[in-house]
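The block underneath contains the structure these notes are about, expressed in C-alpha cells.
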Amino acid sequence: MNSQKFSLEKLAQLVQGQCIGQLDLQFSGMASLESAQPHQLAFLNADKYLNEAQQSQAGALIVTADMQSQIPSQQNFIVVPNPYLAFAILTHFFEKKSVETGIESTAQIHPSAIISDTAYIGHYVVIGANSVVGEGTRIESQVKIDHGVEIGKDCFIDSHVTITGEAKLGDRVRIHANTVVGGEGFGFAPYQGKWHRIAQLGSVRIGNDVRIGSNCSIDRGALDDTILEDGVIIDNLVQIAHNVKVGANTAMAAKCGIAGSTTIGKNCVLAGAVGIVGHINIADNVTITGMSMVTKSISVAGSYSSGTPMLESGSWKKAAIRFKQLADVPLTQLVKRLDHMQSQIESLESTFKLRK
Amino acid sequence: MNSQKFSLEKLAQLVQGQCIGQLDLQFSGMASLESAQPHQLAFLNADKYLNEAQQSQAGALIVTADMQSQIPSQQNFIVVPNPYLAFAILTHFFEKKSVETGIESTAQIHPSAIISDTAYIGHYVVIGANSVVGEGTRIESQVKIDHGVEIGKDCFIDSHVTITGEAKLGDRVRIHANTVVGGEGFGFAPYQGKWHRIAQLGSVRIGNDVRIGSNCSIDRGALDDTILEDGVIIDNLVQIAHNVKVGANTAMAAKCGIAGSTTIGKNCVLAGAVGIVGHINIADNVTITGMSMVTKSISVAGSYSSGTPMLESGSWKKAAIRFKQLADVPLTQLVKRLDHMQSQIESLESTFKLRK
Amino acid sequence: MNSQKFSLEKLAQLVQGQCIGQLDLQFSGMASLESAQPHQLAFLNADKYLNEAQQSQAGALIVTADMQSQIPSQQNFIVVPNPYLAFAILTHFFEKKSVETGIESTAQIHPSAIISDTAYIGHYVVIGANSVVGEGTRIESQVKIDHGVEIGKDCFIDSHVTITGEAKLGDRVRIHANTVVGGEGFGFAPYQGKWHRIAQLGSVRIGNDVRIGSNCSIDRGALDDTILEDGVIIDNLVQIAHNVKVGANTAMAAKCGIAGSTTIGKNCVLAGAVGIVGHINIADNVTITGMSMVTKSISVAGSYSSGTPMLESGSWKKAAIRFKQLADVPLTQLVKRLDHMQSQIESLESTFKLRK
C-alpha cells in the first residue's frame, strides 16, 4: 500500500504543466474545490467554477492559462491546456495501490494453470485447469477463475468476480467486484410447451484496456464468441448477452442491457439503463440517451432517444390517458381535416363577400 | 439459532396490545390470513380483509378494536392501534437468528484490523489492514472487507458482500448478499478518442440503520464521498453512482439507478426501476413512481411520474407511431387553429342570420 | 472434463435424424454457418440462411428435408423436422462437462447437513446446518448454502451463489454465478417517519427444471413463500420480490423486475427489462414486450407493450414536449369539436346553396 506526498513542482512535471507559486509545497491528496484543504490539490474544468475556486482552501489549483489570471485569491497553480485530463492523470499518483506479488497460501490453483511470478493471487481464489494469469495482474480475494480462462498483463480483478466459459482477456483489463464474465447465455429451444436448454459453446473475448464495473453479467456466446473490443468501458449492473459485439472505445453507463447477437459500433456512448434488442446493428459514433429503448438498427451516427419526460403525477395521468387515446386518434389525418375545413371556411367567406 | 414459542399474552405484551381470549395459547410463528394454522398468528391491516379473517384458521389475529367486533369466528385477539406495526415488531421474535460470536478459524484477518469480541466473522471472510468491525456485528461467510473499511455495531453483512474503497458504515447497517459497497466510480476523461481512467479517491459514508439489498452497487466518490444518511432503505439491484447523496429515511425500490453527483432529499420514496440523471437535486418528501426517468431537478415536494401505460400490442403500435408524429404535429397550435376556425364559423353564421 | 468427437452417423442417431453423406466423418464441435470449419457441425432454422449455408465451410449441416435439396455445395447432412431443436440437443454432447464427485477438502459443511455421495462440492463452499444436497448435484467453488436449504438432484449451482432463507429447490435446477436466492424481502412498516423492518419469515420454493441466470435476486417471502414453478427460465440481473409466484414454463429475459406479491401465469414470456408492479395478476400465455411497465392486472392472454419508440434526439425533444402538452390537450374532445365544426360548415354551405 503506498500513500505518498508530492511537491507542486513534481506534480506539474507529471502532467507536463507549468508550475506557478511555491514549488516545494507538499501535497498528500486531491479534493473538490469545495472540500479541499491546504495540503490538497483541486482543479477547474470550466469558467463557471471560478467563484468556487476563488473561495477554495485548496493548496493549489490545476487550471488553464486563461483561468489562472481570474483567481487572485490563489498563489499556486499547475497550468495546463486540459485541466480535467491533468486531474485524471494525477489521481493515479494519489491512489493507494496494493503492491504485493505472489500467491496467498489459501489460493487453490490447478497444477496446470500458469501464473506469472509478478502476479498477485489473493486469499481463497480458485483457479481451474489450463488457466493463465499474466504479468503484474492482481486477482483479489475469493475470485473464481474457471478452467481454460486466460487473463493478460497488468489486469485488476476484484473480489467475488466469476470468470468462466473459457473467457480470454487482454492486457490492462479491470473488472470490478461481483461481476460474472462468461456465464451461460440465455438460449433455449421451445418445443412442445417446454424450454430445451442450448448448451453454450462459444466464449467471451475481451480486448485490451477494457473496464467492466461491479455486478455485471457478460455471457459467453452460443456458438461464436461474445466480444468486447479494446478500450470499451462499462459501468455497473450491465447485461451483455451472448454473441453481442461491442466496438472499440464504446462506453456504457450503469444498468444498460444489450440483447443477444446485437453489434454496437466503435466510439458509441450509451447513457444509463439503455435497452437494446437482439440481432440489430448500431453504427459507430452513436449516442443514446438514458433509458432509451432501441428496437431497430441505427445506421447513421448521431444522438437518439426514447421515453417520455417526467411530470407531476396528476398531469402525467392525463397525458398517459391521452397517449392511449392516440391509438384511436389519427393525428396526421386530423391536421388534414383542419386544413380542409379551413379552405371550406375561406371559400364560404369569399363567396359571401362577393355576394355582399 | 433460536426458534421459540410465545404465549398470546406474551406476544400482546411485546406490542403493548390488549390480549383477548386464551392467554396461554402458544404460538410458534406468524402467517398470512390464508395460510395460517392454529399455532400461528395472523394480522389484518384493513377492513377489506375482514372476510378472509373470518375464514382464517389462525390461532389468533392482530387487529384494531373496530375490527375485532366484526370477526365472530375468532376468539383470540391482540388489539392494537396499528396492526401492521405490531406485525412488523413481532416478526423479529419469530425470526431464526444466528447467535454465534467469535471468528471462524478460516477467516483471514489482517493483524492490524480491530474486531470486536462480540462480533461474528464467518468462514473464508477476508478482512484487510486497518479495518474495524464493531460490537455485535455479524459478518457472514466469504465476505470481503478491504483495507481501511470501518463497520459499526450490530450490523449484518451477508455472504459475498464486497466492501472496499475505505467505506465507513454506521451502526445497525444491514447489507444483503453479493452487494458491492465502495467499488470504483465510473470516471473517465475522454482525450484523443480514448477514455482515461480517473482513479477514485473518495469513499462511501453510510449512516446508522441503513439497509441495502442484494446485488447492489454503491460506488465510492471521485474526490469527495458518496453518502447514505441514517435510515435510508434500499432494495435489490440498485445502482448508486459516485458522489450521490441520499437523505435520511429515503426508500428506493429494486432496480433504481442514481447517476453521479445527484443529491436526493430526506423521506423520499422511489418506486422500482426509477432512473435519475447525474448532477441534479431532488427535494425532500418527493415520491417518484415506478420506471420514471428523472432528467431535471425537483424542487417541490410531491409525486412525479413518467413513462406510458401498457396497451395491447396492436393498439400500442398505433399509439407509438402517433407519438413519433407528435414531433411534427404542433398540438397547441392545433387547438388555437380550432378556436380560430370556430370563431370564423360563428362569424359567418351570425352574418348570415343578419342577412336573412 | 470431457471433450469428445462424434461421427456424423452417431450425431444423427442422437437426434433421431436421417444421416446423409460420409457417415464416419468426425466432428469435434458445433459452430455458426459463418465461422464453422470442416470438423464442425452447423444448422439452419430458416430458408433465409440458405445462401449462407451454401457458403459455409461446415463439415455437415442440420437441415429439414426441404432445405437439403437447396444446398448443392454441401454433401453431408443430418435431416430432421426441427433443426433448432436438434441443434439444442446436440450442444449438450459437445459441452465440456466437469464430472468430479465428492467434497473438496476446503469445503466447510455443517455436520448436520446431508450431502449425496454423488454430489460435487467445490473449494471454499460453506454449507449450513440441516441443509441437503441431492444426487448428482454440482456446487461450484465459493458457494454459500445457508442453514435449512434443500437442493434436489442433478442441479448446477455456480460460484458465488448465495442460497439462504431456507429455500427449497427441486431437481435439475441451474443457478448461475453470483445470484442470490432467499435474500430478505424489502418489507418495512412506516411509522413516525421511520422504516420499521419486517423480518421475513417465508421462504422460496423452486420447482424442477428451473433456470436462473447470473446476478439475480430472488427474495424469500414475508410470511408465505416466493414460488417459481417447474420449468421457469430466468435470464441475468432479474429481481423477483417477496411472495411473487411465477407459473410453469414462464420465461423472463434479463433485467426484468417483479414487485412483491404479484402472480404471473404459466407459459408467459417477458422480454428484457419489463417491470411489473406488486399485488397484481398476469394471466397464462401473456407476452410482454421489452421495457414495458405493467401497472395493472392482465386477465386475457395476448401481447402487451408500453414505452415509446426511439427517435433522433431532436425529433424526440419535440415529441416529448408535446407528450407533456397532452395533459392539457383533450384529444377526443378535439375530434368531437372537429366533427361539430364540420357539420356547422356543411350546414352553412347547404343553406348558402339553397339561397343562391
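Structure notes:
Each chain carries a letter (A, B and C) given by its place in the written order, and its residues are counted from 1.
Simple rule for what comes next: a residue touches a chain if its C-beta (ideal position, glycine included) is under 8 Å from a C-beta of that chain, and two chains touch if they have at least 3 such contacts.
All values reported here derive from a predicted model rather than from experimental measurement.
At the interface between chain A and chain C, two copies of one sequence, fewer than half of the residue numbers in use appear on both sides, so the contact is built from largely different positions. Superposition angle, chain B onto chain C, using Cα atoms only: 120 degrees, a multiple of 5 between 0 and 180. Rounded to whole angstrom units, the spacing between the C-alpha centres of chain A and chain C is 25. For chain B, the set of residues touching two or more other chains reads 124, 142, 160, 178, 215, 237, 255, 273, 307-309, 311, 316, 323, 326, 329, 334, 338, 341, 345, 348, 352.
Note for the complex: chain A touches chain C at residues 108, 124, 126, 129, 142, 144, 146-148, 160, 162, 164, 178-180, 183-184, 186-189, 191, 193-201, 215-217, 219, 222-224, 237, 239, 241, 255, 257, 259, 273, 275, 277, 287-289, 292-296, 298, 302-309, 311, 315-316, 318-319, 322-323, 325-326, 329, 334, 337-338, 341, 344-345, 348, 351-352.
Only residues 1, 29-32, 34-35, 82, 84-85, 87-89, 91-92, 94-96, 98, 104, 106, 122-124, 140-142, 158-160, 174, 176-178, 209, 211, 213-215, 231, 233, 235-237, 249, 251, 253-255, 267, 271-273, 290-291, 307-314, 316-317, 320-321, 323-324, 326-332, 334-335, 338, 341-342, 345, 348-349, 352 of chain A touch chain B when the two sit together in their complex.
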